[in-house]
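Next come two complexes built around chain A: one with chain B, the other with chain C.
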Partner chain A sequence: MDVAEYRRRYEAELAGAAPPESPAPEAELARTADEPAARADALAPGPLDEEGIAKQVAELLATLREPEQPLTARMTALQALGALDFLGPRFAPFRADYNQALRDVATDPEGELRESALELLAIHKDPYAQGLLVGGLERPEESLVPEAKAIQFLGYDDHTEIVPLVREIYDRATGPAREEALRVLATDPQSEGLFMRLLEDQAEERDIRSISASGLQSLNPEAFDETARKIVTDDSDYDDIRATSLAALAHGREAHEKPADPELVHTVRKLGERSRSQELRSSSRRFLQSAE
Partner chain B sequence: MNVELAIPGADARSRVFLTWAPVEARARLVNPTGTAALPVTLRSAGSGGGLRFATTPTHDGTPTLALSLPTSGAPVRFFVAGEFGRPSVNLGDAAIEAHGPGGLGVLGTKRVTVRIRKNAQNLSAGERDRFLAAFATLNGGGSGRFRDFRDMHVDAATAEEHGNVGFLPWHRAYILDLERELQAIDPSVTLPYWRFDEPAPNVFARQFMGVPNAAGRVQFTAGHPFSTWRTDGALGITRMPSFAPELAPTGLFTEAQTINLGGTYANFDAMEGNPHGFAHTSFRGFLRQIGTAARDPLFFMLHANVDRLWAKWQWVRKRRRPADSGAFAPALGDRVGHRLADTMWPWNGVIGAPRPPTAPGGIFPASVSTTAPGRAPTVGAMIDYQAVAGGASLGFDYDDVPFEL
Partner chain C sequence: MPDAAGALATMLAEQAPLFAGRGTNEAERVRGYILASFETAGLPPEAVPFVLEELETGRSPYTVAAAARALRGAVDVPAEVPLLLVGAIARLRGTDDVVSFERLEPSRASGNALTALAELARTLVLLGPRAEPALGALEALIRSEGETFSPAVRAELGQAVEAVARPVGSASVCSCGGEAAEPVAPCTFAPLASAPGRDLAELALESQDGTLLSFSEAFCGRPTALAFFYTRCTNPDKCSLTVTRLARLARRLVREELDANVAGITYDPGFDRPARLKTYGADRGMGFSPRCSLLRTLGPFDPVREAFDLGVGFGPVTVNRHRLDLVVLDASLGVAERFERRLWHEEAVLAALRGATAAYE
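Presenting the complex of A and B:
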């Protein structure tokens, strides 16, 4: 490709593009309130100096907190504040106000906004948000987010004392909440036996078995290796579970440094040759490549 | 009689990797016959990657080059680079052939790889799968070397990495460090970029970066290398995009708008807020916060695009020389770690205020292809990544950013 010609074409493209705009004034925000795309454009941070950041943060916080604003505007304000948060030290002067605004909307009537704010607070292990989430799990009538999301958000803090509660939830939950509970239990050494049972149980849901493979590998890699080998070589088991087990063996702890077990390599080679499952063949190929 | 082709920077298996930046190579006759110098023509002859040749460093190389090789066996210098627009797809799919005159035919061949970072949306299945496998291996089920990369991009290190002029150089070093670790596992791999101002349905698919379920947990095809992804004891990846997979996120500056932020670095680095920050917050889940973003492999593809935008701005504005005052800007508050001559944490191993309390990961990894940027890179070492001003390049390039003097 001719570089000079490439430059000419690219410069023409740039010349035809609209320049980035400065932050929109409030009147503009109000005018575009019902148009999500236009509002997003209006609320997106432009090139800002320190004074500009302060002005825009104030405007965004006001939009976020204002119940009369359309949800799209409040969600975009939250997104824009999060983007400014990536400025790190430049956003630091506003962080306390930002956190308070997140707490304010954590109990907002708008579920989507509530959930998004609670996640941000939970990532920062905010005790107020954690209290709300635990309260919702203990007293479902008070829950602010679906049970699965509450467990997931609490899982951002691996030091929370929620494992006993999550164990209780696991025993009664179904669907996504059960899966999220299992993910949290992967930090609980006492759950090793549970993961082993679930992984070996061919009658169990496949997603649950996949999560259990990862959980067992996390808690006891040696036990996982042994169980996974049995699954990989068991023709009566499901191909997707065998493929997942094989992937975990191929990319697990120290897999890159350790010499591969020749017997397993031989078995996997045969498996790849005879299996009709595309997933299992692909997984076998990747395992063999990693064993080279 | 043969022609020996020597390109510096071969790995232990004699494999050579090129980018768009020309490197000095040599050709010489081995076991010559006769006494007259032999006219030889170098040709780009690979099935995949293309090559360009010249006798001086240039962006204007040609697909063939005539050389006259003395019978003394003395080497003759030439320059070789990847042909812009024709990167490799597989290892060794580019080649230099040395053709003799008349019926002598091919007297020497050297296979090489034109190793270039590509748009993730356009990767071949093989390129995609090799990248995923190498990444999963680096993660090692949560306890591999990838842990260091997560520990580098944490809240405690924010002031090293964000909110100041070193944002772009630091992240350039960071993703290059990761890419070199991936290449140590599979040398055919480069870090692809997620072009966040365009739809990328191939990226947000179960075969690649996955698709979230109702709880925002990313689902992959069975046997996918990330199907048992773990980081810091947490199982899986949480990522819920605010846009449909067949669309691009809204609210982000386009590439042209980003490049048009201004002609100097002081203007251009406003891109840290938009599109960079907005790309992060186009998702719920790990990506939306500094401290958790690096748990999601997509983070590195997002930052490859941020770096590509900087590279493209550097190219189109001709701002690649550290000595050019428009190519960089003074550090806000004169903060250490953000000035041209400062070494960057964590590779410099410096800990204690104002630096973070720990320095995970050790020194910057070496490359067989280049000596740059050294064990403890400076901010300034990240700017002229193609070595336009001379010296050693950083050993990477993007599929849509040419080398141009």
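Presenting the complex of A and C:
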């Protein structure tokens, strides 16, 4: 669907959802000042004419920035601003103020708010937010969000050049931070060997192998094909990993219109016939369809 | 401070050591900080192409605003500047942001800091009646897109219209130069005697189809329009547009039965493998053939950068900044003409190819 058309429909839906008999938003906000839940409700989007948006945005920004407001109301304001941001050109007049407000709350004492603001800024590759996130990774005592989140947010910009830092983190990290580090390394051609090793290592965690498969396929589809073939034909490997590898091979074949390899087609056909894994049988069918 | 300004200008080259190893945002930050400093240091002529490039294709509110500030230190303002300023306002209208040049590090700007659009408008105010050629475009932009500007920016643009429309005699004194603005330095350069392509004759390349060939095999024997790009480029007015225009150029060559190559070489050979090149080109209308291809070097890109003195800088993993570069090679790999920094047009490249073909025949 055309993006502009989708926006128009969304605006119409939002406008249609606003109850015509609603009290003036300012009055409602004043009335609910001491009732966090009611105040959060009062922050829901109202009429979307130019004046209506300007009033709403001003109120939402004020609520977001105000440390005395309850967290529920501030989070609701942030979410409502995020919805208005989707209006595109109609939100453009408020973009600079919105960015500034996000920067204001990026160091807020409220962790949830801080994390949401940093993520929104990071999506837009904001240098200030990126500086805060990198600072937290380099000096954990200054970190504003968990390590895994910081890596994920910085990964939204593949030109931040945090790869050297992330390589260091990968070597020492465990759990989600290690997974996020690998996702960032999927933009680094020098990490190809690492992904190949991890993908082939049956002792490695399944999620790590799965991320490595995506990383290797993105960086070097030919190398991925070779490694994935080994995995698919290795009966000692896990069925889910074999199924994922097979699905990726099918996808790669379709995407790049590669001719099917008769030997692999034969192996996959037999695999589909004898496997007890539903996942593996399903991937086999898909691969064979793509090879026809 | 002419010496200081000249020294600053030499720092702007993408391949300058100052930018090596930095991420894109960091490199842009440094570049913007230097550009903004020309407001007080004075804008030397050698820095003008960098300013115009930023106004023409820049996407970062910070660096575009810095270019607008740089112009305030110019003695002579190129005639195309007013329209470029209005073009930049139109381009940034959905992504305006507060900018501050008080310090190099990104920070939360102070409450009275301006946005990029306000900076652009203020430069138009300073140009006053000399920006008159852009008055119609500015007014049309305000009429059609007025609602996308904040009230503060609308006020700034209103002041710009007022200043630009003011009768010439009543213009206030400004530091932006004399009345007779000279056309900007051309983006094309005279034929060069050097033949850097010959130094690359044995360089190994791989095409979007995975075909291996040397630089000489790819281009020797007929003229070539050779541009540079990378698929991770985030500026739609740079690499994406370059490859789209290469595709159009290739179609023109076929129609006009001109025997020449059209090709692009990626700055990022480790990432831009054949399948990626093929998809990227096909999405932009490249009809691949032996005369029309996208290529990568099989080894490092450095020899190509050095041979053609390309304006490109690298971070630890990928490009952090590049200018637009297109060279027209003659049949024996000498550089017949080059287009750099500014947007190039198919007609001009076509003319250069015709010239190189005539010389070859």
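Keep in mind that, in the parts below, the second predicted complex is superposed on the first by the 249 of 292 C-alpha atoms of A that agree within 3 Å, B and C clash if a C-alpha of one lies under 4 Å from a C-alpha of the other, contacts with A are read in each partner's own complex, and residues count from 1 in each chain.
Methods note: a contact is a pair of C-beta atoms (placed from the backbone, for glycine too) under 8 Å apart; a residue touches a chain by one contact, two chains touch by 3 or more.
Note that the structure is predicted; figures quoted are calculated from it, not measured.
Legend: residue contacts after superposition of the two complexes on their common chain; A:Asp234 is shown touching neither chain B nor chain C.
Of the two partner chains, chain B and chain C are each touched by A:Pro221. Contacts of A:Ser283 after superposition on the shared chain: chain B is touched, whereas chain C is not. Residue contacts after overlaying the shared chain place A:Glu205 against neither chain B nor chain C. Applying the stated contact rule after C-alpha superposition, one finds that A:Glu110 touches neither chain B nor chain C.
When the two structures are aligned on the shared chain, A:Thr187 is found in touch with chain B and with chain C. Of the two partner chains placed by superposition, only chain C is touched by A:His159; chain B is not. In the superposition on chain A, A:Gly88 makes contact with both chain B and chain C.
Chain A is touched at more residues by one of its partners, and among chain B and chain C that partner is B.
In the superposition on chain A, contact of A:Gln130 is made with chain C only, not with chain B.
Judged by the document's definition of touching, chain A residues 88-90, 92, 158, 187, 221, 255-256 lie at the interface with chain B and also at the interface with chain C. Only residues 21-26, 28-29, 62, 93-98, 105-109, 115, 145, 147-151, 153, 232, 234, 270-271, 273, 275, 278-279, 315-320 of chain C touch chain A when the two sit together in their complex. Residues 59-60, 83-86, 129, 133, 136-144, 158-159, 161-164, 185, 213-217, 221-225, 227-230, 232-236, 238, 242, 250-254, 256-262, 267, 270, 272-274, 276-278, 280-282, 284-285, 288-292, 316, 332, 335, 402-404 of chain B are the ones touching chain A in the complex.
Chain A contributes residues 50, 88-90, 92-97, 99-100, 103-104, 125-128, 130-131, 157-164, 187-190, 219-222, 255-256 to its touches with chain C in the complex.
In the complex of the two chains, the chain A residues touching chain B come out as 1, 3, 6-7, 10-11, 13-14, 16-20, 36-37, 40-41, 43-48, 76, 79-80, 82-92, 116, 119-120, 123-124, 146, 148-149, 152, 155-156, 158, 176, 179-180, 182-183, 186-187, 210-211, 213-215, 217-218, 221, 239-241, 243-244, 246-248, 250-256, 279-280, 282-283, 286, 289-290.
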